[in-house]
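Here come two complexes built around chain A, the first alongside chain B, the second alongside chain C.
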Partner chain A sequence: MTSAARSRTGLKRWRKDYFGSPGAALMTLFSLAALGAILWVLVDWGLIRATFGAEGNQETCAAGGGACWSVIAVRWRVILFGIYPFEEQWRAALACGTVALVILLSCIPRLWSFGRLALIWTLGTALFYALMRGGVLGLAPVNEQQWGGLPLTLFVFVATGVIGMPLAIGLALLRRSDYPVIARVSGWIIDTIRSLPLLSILFTCAIVLPFMLPGFLIGEKLYRVVFGAALFFAAYQAEIIRGGFQGIPSGQEEAAKALGLSYWQRMGRIVLPQAFRLALPATINQFVIAFMETSLIVVVGFMELLAAGNTAFKTGDWKFAYAEVYVFIAAIYFTFVFGLSRYGAYLEARMNTGHAKD
Partner chain B sequence: MAGSTFWRSKSVRGIVLQGGFLALIAAVVIGATLTARDTLAAQGLTSGFGFLRKATGWEMNFSLLPTTTSDPYWWYLLMGLMNTLFMGLVGLTGASVLGLIVGLMRSGRNPAARLLGTLYIELFRNLPLILQLFFWYAMANALPAPRQSLEIGGALVNARGIYLPGLAIGPGTVALALLAVASGACLAVWVLAARRFRRMEPQGQRRLSLAALGAGLALAAVTVLAGHEPGTAWTSWPALAGLKVDGGFRIQPEVYALAIAIMTYGAAYVGEIVRGGFKAVGRGQMEAAAALGLSPWQVFSRVRMPLAFRAMLPILINQYVWLIKATTLGIAVGFSDFFMVIASSINHSGQTFEFIAILMGGFLLINFSLAAVLNRLNRAIALKGHQTTGVQ
Partner chain C sequence: MNFKTTTAFGLGMLALSAVAVQADTGDTLKTVQARGTLNCPGDIGSYMGFAEVDDQGNWKGLDIELCRAMTTAIFGDPAKANIVPIDWAQRWPSLQSGDIDIVIKASGGTRSRDTELGLQFSMSYYLGTTKVMAHKELNLASLKDAEGGSICVPASTSTERQVASYLEAKGIKMEIVAIEKNEEVEAAYFSGRCDTYAQWGPVLAIAASQSEAPDSHVLLPDVLALEPEVMITRQGDDNWVDIANWTLTALIYAEQEGITSANVDEIKAAPPSAEIGKFLGATPGMGAGLGLGDDWAYNVIKQVGNYSEIFERSLGQGSPYKMPREMTALWKDGGVLFPLVVD
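Right, the complex of A and B next:
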């Protein structure tokens, strides 16, 4: 086929896809118009008529008629770090960097062994905690009640994963236990937690739990709320791991039993690694959801990224600039969530090709 | 080594382990209850459900039926539950319709439409729902003040809400009329689906079903006629009266912001499920239908859509349960759903544990009944074998 002929069939296919029938043509025109309108509004509002720089205020922005990015230039430290002491905010920034590094490192398949991952996450969490809390290495102590913005969001996310994952493995193992009472009761616990809204669990942990705990266990509200989030995460993740268990042929465990391996050897060496491999896409999806759900803690009174953004435009002369602040926060969430879900899709594709070769 | 053989006996170990597990859980529950009793006694609070008959003394800012501050707690709780169900119904319906459109765009052949669908899904699915809710709510509050209301086809839009023209009848009448329509519809579905009517002629069955639906509608019309005060106008149009708007049917910013947020966010997930459902239908099914001489629309509506629907329903059930739970976010903008009523009641009455128990019971009830109904539907329409993919 000559190149001219090929381009002619290409054109034909193109024409068939876009204008094959009156319906398709209408659809094309509508979609193109919608896409064009969205693009135009974004460029016109966000760039052409927008006001940049810290000097802008309500008058200059209104004169420009577009977005008022000045609010970000003036208030970005409030949005990112909340009420964390101003002079110490470099520590909060470093802590965010630590978390980002931990997450990046755990995306490298070479580091996927239980020991290495546990080491990375424990070290990362400890470093984050030392930087944020202070009181060691000559850093001034900063109370948890002053934490806010992005570091708080990341802390809740990381702590949810670090506490929730072992809890999830425990719950999943309990649910598939050979003892009927244990299996049944843990099944009830998982199903009950899953049918409650996360918000009600966070609320219970923040407000109700202090009534039920002896004094020495009550602790800071932040830790109770993190525990609630971890419990919710664990209930969902346990079901995902259970799905992984169901994909393993029963011969695997029987063979391990026949070889005389103990329960923990069977679980740790044969069953769990395969279950995690099967459940990996769903697990990453669950982490993405957990990251988005950290924003719910604003309801029980924490100054995380979203709440810090709310205060940034609700105080002072920036009341009109809500869209700019939300776009800025949305960009932060989107970068993280979209990156993680793309990575999940890449892993899934990689694993599928592995299967095809088998 | 008597001890060791005793421990190695499987049945003994089973009893000890399971007994220990139960004892641990019982210890946690009993310990928590005792501590809670001590704490409550120290604060001088009494437990029990007697408070349910007491007047609340605070206002609910949205309810389907009228509420006043002298209404008892049980009425407030019931209204909160109704608000949750109402928001769930609106959100699920909107999310399903919008999601079907997005999903169809994504699984069609038109690249421009596919791109638009993909953009929609990636944008709405990758941002936290509460962020989207705050955005819609801030947008609703940034609308002009009542005096500068925007007028769109008889409706007024301002920062206090959207004012639609409506029928001049009381909310109680509306509720009764809706109840009549809903019971008619349920009866109609029952006639179509129940085993009892299997033996009827299909045509007679359809006629009976339509009759049930018609009876519901007629009853609703009668209710509306009876509920209308004679001598007053039939319709009520919103109009500016000083600093506020009189007449019409007001939708508060909290209500429509939450409804928009749940619909658009839910639609992104439903869209992906719809696309997955269409992907699961084997090509052979459509080719066979086309070979039988069915028109493209018949292939879609009689073969592709029903098979795709069966493939997506199980995942859709989970998504619906999740979306119902998401209505609790209303508390962030002040929509009085079940959860917000519970939270305010705890603040005002201090009866923490009773309300938490009611909260858990309410959500378990909603979610299990929704899942039960949808699972029943799933079983009722399931096909034997692997007919979705066309592979036997």
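Right, the complex of A and C next:
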């Protein structure tokens, strides 16, 4: 059906669906009124009676009676960058831009070749790290412990995906290995990691590992934590990919074998692409969860976005304005996650070309 | 304070209790000097008045200032303090693992911390009490009068336990309303959900001073619990505890003798007594035994200030909180703070 035809019948459908009977009409009107009332309260609070600008304070905001966006105007740098050194925060902003650019670039189908993606990500990661960590090109070094806010959240999310995804593919392939020992051991690894809470994995990586590892392996806490998060991500993602494997008829692989394709050719050209297509909705879901879970690193001492937001309003002048800060942070999360899920929907539509059931 | 015991924390501590004994303290001062920074805990977020972040992302607050004072004693430069953002649950594991060198984080000296976690304390730098705030219109003289009413407390904190045991001991029947986050407890009390609100003293005072109508609340005279806040180190490095204690003494002694960051240069040039001369490094002897320079106390006072200066800009008149010194005043002003003898 074309979209024009859809919109013509749309009006009729609407009438039938929402005003089909007196009861339905009443319900529809009531819901509309309720929605309108909620919207009005929000607009009234957030815009009409709100105080904007850096000059606002507790008194002027209380006089206005609405939201106090002044807290964002004054404390936005604390929210976005945490305790990253103030004079160097342009670097953190550039680093965020780099990550966003790399993500956007890798969403463009034309750049989807292993070489191009690898180049984009290597360059992007190197640039991000050089900007954030400093110590090169005359940039002052900034310890990882001082990273905070949005760049830290993005770094943990991206690194979790970049390390976790190959790990997941490896684990999933091992789990369907023809050698029972390998298959079983990787199955145990996956199930063990999945039966531990993420919090305890993070805590172990951050605090307990240094007691057990030899000195040269300890490294910076941030990387241990990212590794823990990636491991957790990989265990779940491996199972999602395995689900994708199971959706592929075994005849395909057998046919490929009969044609004399090697293992890597079979996996790289026949099995994995199809498995990924089947597993795409669950994969996007897993990425969204991974993004949300970045806020857990707060328990091992990192001031990610949400903790930086807490820091921003917890001070003598702004402690009354916590709702505004939370709304601001929610908007940031929403932007990223909504973008991610819309992109997932686009990918699904694109990959399903020629496979649509209807 | 708010040590929320998460599952993760429990798991971590379990693993830690096994390895805590192995954690070799060594010579903390040498480690710190070799590293070039003193690592102290900040907060993951903010603990108002004690560790919070200003508009430019710099740490401030009483605990932070004490860390800067100790850093200045060691390096002569407060900027060498490295404030590590960590959560309440993490302070002990982080201290044991060497991520931080000392815990100055509104933490009391307790038996279990001393004997079970293997920690050691300095003298107290702040006397914290758990108190109760009430709506003024209820006309309560003490918590006893609130019988049958409700009391808001932060959930799963030591405050919650203190309230329960105090009410039980005094035979007062009240409805305890435990709420997770401090902002929510406060919102519940201020919106009238509870008649009273129990909290660690400074947090309570800050809540009252920042509320919409500070005059419509009263602090009840009941003291539910007392907690001396101390600087906490790993067990087994005596010199490190000495440095913590003498840093604190320097701050308090300077206040007692009227030495401030403004007049310290004049006083050092013409010390009124031999003792003060030695204290400020005009004559030798102050630093050798600690492994510090003789002018360490002078540096602390010059660059950070004395205890009164630190307190006033963190919690007192120079801060938004305007808290009185109360018990954390000098002994001669009726408080409990006293310096060791500088001889």
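One rule holds in what follows: the second predicted complex is superposed on the first by the 322 of 358 C-alpha atoms of A that agree within 3 Å, B and C clash if a C-alpha of one lies under 4 Å from a C-alpha of the other, contacts with A are read in each partner's own complex, and residues count from 1 in each chain.
Basically, a residue touches a chain if its C-beta (ideal position, glycine included) is under 8 Å from a C-beta of that chain, and two chains touch if they have at least 3 such contacts.
If you're wondering where the values come from, they're calculated on a predicted model, not measured in any experiment.
Participant: Record, for the superposition on chain A, whether partners chain B and chain C clash or fit.
Facilitator: Chain B and chain C clash in the superposed model.
Participant: Just chain B (first), just chain C (second), both, or neither: which does A:E293 touch?
Facilitator: A:E293: touches chain B, not chain C.
Participant: Once the structures are superposed on A, label A:L127 by its partner contacts, choosing first (chain B), second (chain C), both or neither.
Facilitator: It touches nothing on chain B or chain C.
Participant: Determine, under the contact definition given at the top, whether A:F81 touches first (chain B), second (chain C), both, or neither.
Facilitator: A:F81 sits against chain C, while chain B stays out of touch.
Participant: Just checking: does A:Y18 make contact with chain B only, chain C only, both, or neither of them? Give me first, second, both or neither.
Facilitator: first
Participant: Name the contact category of A:A93: first (chain B only), second (chain C only), both, or neither.
Facilitator: neither
Participant: By the touch definition at the top of the document, which applies to A:L35: first (chain B), second (chain C), both, or neither?
Facilitator: A:L35 contacts chain B only, not chain C.
Participant: For A:Y333, select first, second, both or neither according to whether it touches chain B, chain C, the two together, or no partner.
Facilitator: A:Y333 sits against chain B, while chain C stays out of touch.
Participant: Looking at A:S200 after the superposition, I want to know if it touches chain B, chain C, both of them or none. Which is it: first, second, both, neither?
Facilitator: In the superposition, A:S200 contacts both chain B and chain C.
Participant: Report for A:V208: first if it touches chain B alone, second if chain C alone, otherwise both or neither.
Facilitator: A:V208 sits against chain B and chain C alike.
Participant: Once the two complexes are overlaid on A, one stretch of chain B runs into chain C. Is it 22-30, 220-228 or 238-246?
Facilitator: For chain B, the clashing option is 238-246.
Participant: Just to be sure I follow: which residues of chain A are touched by chain B in one complex and then by chain C in the other one?
Facilitator: Comparing the two interfaces on chain A, one with chain B and one with chain C, the shared residues are 197, 199-200, 203-204, 207-208, 210-212, 298-299, 310, 320, 322.
Participant: Along chain B, where are the residues that touch chain A in the complex?
Facilitator: 14, 17-18, 21-22, 25, 31-33, 35-36, 39-40, 105, 108-113, 115-116, 119, 122-123, 126-131, 134-135, 138-139, 142, 321, 325-326, 328-329, 331-332, 339, 342-343, 346, 352-353, 356, 359-360, 363-364, 367-368
Participant: For a test of understanding, state which residues of chain A touch chain C in their complex under the given definition.
Facilitator: Going by the criterion above, the answer is residues 58, 62, 74-75, 77-78, 81-86, 89, 143, 145, 148, 197, 199-200, 202-204, 207-208, 210-212, 221, 298-303, 307, 310-312, 314-317, 319-320, 322.
Participant: Contact residues on chain C for chain A in the complex?
Facilitator: So the residues of chain C touching chain A come out as 6-9, 11-12, 15-16, 19, 22-23, 42-49, 52-59, 82-87, 89-90, 93-94, 97-99, 183, 206, 210, 212, 319-321.
Participant: Per the contact definition, I'd like the list of chain A residues that touch chain B in the complex.
Facilitator: Touching chain B from chain A are residues 17-18, 20, 24, 27-28, 30-32, 34-35, 38, 179-182, 185, 192, 195-200, 203-204, 207-208, 210-214, 292-293, 295-296, 298-299, 306, 310, 320, 322-323, 326, 329-330, 333-334, 337-338, 341.
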